[in-house]
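What follows is chain A paired twice: with chain B in the first complex and chain C in the second.
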Partner chain A sequence: MSNSKLYKGSLTTIILKLLSENDKMYGYEITQKVKELTNGELKITEGALYPSLHKLEADGLLDVEVAKVDNRMRKYYKLTESGTKETANKLSELENYIKTMQALVNPKFSLE
Partner chain B sequence: MKPIITEDRIQELYAFTRQHFVVHYDIQTELVDHLANGIEAQWEEHPLRTFEDALHIEFKKFGVFGFQDVVEQRTKALTKYYWKEVWRLFKQYFRLPKIIMTVALVLMVQMLLKFSPYSGTIFYGFVCLLFLLPVFKIWRFGSRVKKRRKSKEKHYLFEDIILSLGTGGFVLQIPLQFLLHFHNRTELNFDNPWVLWIGSSFVVFYGFVMYLVAFYIPKHMEENMKKMYPEYTLV
Partner chain C sequence: MEVLSKEEIQFIDAYLKNSDVRFADIRMEMVDHVASEIEVRMSEARSDFYDTFKWYMAENKLSLLKQNRNYLMESEKKLFKQMLRNLYSLQGSLLVIVVLGLVGILFEFMSSKYVLMFPVSICILAMTVYFGLTRKTRVRFSSLERIGFYLIFLPQYIGIALNYFVDGPLGGYSYIFVVLSVLIPVLLLQLGFQNFQFYKNKYQAIS
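Up next, the complex of A and B:
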């Protein structure tokens, strides 16, 4: 991710979330989907995406299948059963993080 | 209509990844598809852009180290997978129903060491056999890989991981080295119940690990590879 170090720690969660919404995806498709969803605000760099995908695969969170598309081989990634569970964990972790940051950055004052 | 890269250009992309130090076909394949997608997307917006220029732009997106990070991380990830599999399977020998077989094997080795007048020779014989059989198996796997690479020039990363025993081959030699060193200094006394227990358990567990790294895991990884790349065959 080129534009902000803040996004760096969330790359895994982003990948898992995208795969939970799509049956299977390939690397280039993931980069384009993120770009599209964030209106170009977030760009996943190729040098960061593949290492993350390979790590998730080694951890047993992603399954892989290779298919011939056009005139070349394409490697697709999809969530395994433990990948689906991990996605839910990661998303709730991220939500908590966002809430905490919001409380810090924009605290609500009360008279209680 | 979406422009599609020709078969010849795909082969050029494979050559390009090889020039940039990606030797394994499985990693090359993923990178080639990525580069091809990027180039095709550029051609949609800039139909006059040359293949070489578009490739240069796509490659730059991988950063100053090019494909190096991808290769390093892929190797690390596959090595991690290898040892996770070894550990996962090894743990099974301590659960029902396999634990019954494990205990039975330890007791059998124990009886042999306890009652045989040649217990020392039997023990070292076991250890040498448990080391040499897997070495022979891996050597045979290596020669099959070499043959295929000569004819098809496709290297797969998992083959290198298996051949180097998950880059930890030297670790598996340590018990052997240690025992041979120990043997030169003193005799193993199997009348001592501690020595008997440790010796027999060691033979069984060392045997399990060697079986996993030389027989089970290579077969398992090869089957996975065949599922992913149906064209994958070993001579």
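Up next, the complex of A and C:
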């Protein structure tokens, strides 16, 4: 993960969001996609990514598929039905969090 | 983009296996991650496989081993949650009712010696069925091995605990003990079947 701990709590949401935009993804692909989307600002290490993926799998939010690619086996992750619902919840939670933080950091004062 | 050869992939796999990443399901994902990163680095730095591999491992070996331990913990939690889900299902409720009734009947009509032997017999039966089921699996899978470990451990725990009940009269505590000692191996066996099927379907190429 990047040097900032602020991103840590949002890792699950990031993974779910990426998987909602792609049919299926594998671990390394997720790390590279995040790096690309954030222009290198956010780097997810395998030590942070895989435990999150495995937890989401254990919770029934992700389904897995194993295929042979480039002389090796590759484990793909995709959203389950409950994973799709959870993605919407998580994104809504994150939006509210961002709004709250914005209100705290940049409060708009009024004379009323 | 460079693509690693089959031999290079086998080299990474053997290295991780020798570094105590024992289970095929964990190692498989790690091999893919390491190989993908090495391919990118080889293309960018125009370096050879072994130099890039050494460079990568010097940086990341500790993190990979930590990931291995985390996966095992997550695997245990997954099994526990799955077992609870099974227990709270309709099938699970029926199983509890059947076991409660069956043990109740045993308590009514049999002597304590035979009643207390019943859980051990169920454990041994569950263990035999489970090892018969998984004996043809060529590689070691984390969840299957954990279930096997619990099934081996359970009769020993039950054997030790039986000493507390064997001399006393059959009553409330011994009833609860026998019910749990019958229920747990049956639930573990059910978990074993589900996980065996999961690995058979999802990890077909390596199982």
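Keep in mind that, in the parts below, the second predicted complex is superposed on the first by the 111 of 112 C-alpha atoms of A that agree within 3 Å, B and C clash if a C-alpha of one lies under 4 Å from a C-alpha of the other, contacts with A are read in each partner's own complex, and residues count from 1 in each chain.
Keep this in mind: contacts are C-beta pairs under 8 Å (C-beta built on N, C-alpha and C of every residue); 3 or more make two chains touch, one makes a residue touch a chain.
Computed from a prediction, not measured in an experiment: that's the story for all the values here.
**Q** Is A:H54 contacted by the first partner chain B, the second partner chain C, both or neither?
**A** Both: A:H54 reaches chain B and chain C.
**Q** Of the partners chain B and chain C, which touch A:G27 in the superposed model: first, second, both, neither?
**A** both
**Q** Considering only touches as defined above, state whether A:M73 meets chain B (first), chain C (second), both or neither.
**A** both
**Q** For A:P107, is the partner it touches chain B (first), chain C (second), both, or none of the two (neither)?
**A** It touches nothing on chain B or chain C.
**Q** Show me the chain A residues, by the header's touch rule, that chain B contacts in one structure and chain C contacts in the other.
**A** Of chain A, residues 26-28, 45-47, 50-51, 54-55, 57-59, 64-66, 69-75 contact chain B in one complex and chain C in the other.
**Q** Looking at the complex, which residues from chain A come into contact with chain C?
**A** 26-28, 45-47, 50-51, 54-55, 57-59, 64-75
**Q** Write out the stretch or stretches of chain A touching chain B in their complex.
**A** The touching residues are 26-29, 32, 45-47, 50-51, 54-55, 57-60, 64-66, 69-75.
**Q** Would you pull the chain B residues touching chain A in the complex into a rising list?
**A** Its residues touching chain A are 4-7, 10, 29-30, 32-34, 36-38, 41, 61-63, 65, 69-70, 73-74, 77-78, 80-81, 84, 227-229.
**Q** Going by the contact rule set out above, which residues of chain C touch chain A in the complex?
**A** These residues of chain C touch chain A: 3-6, 9, 28-33, 35-37, 60, 63-64, 66-67, 70-71, 74-75, 77-78, 81, 202-206.
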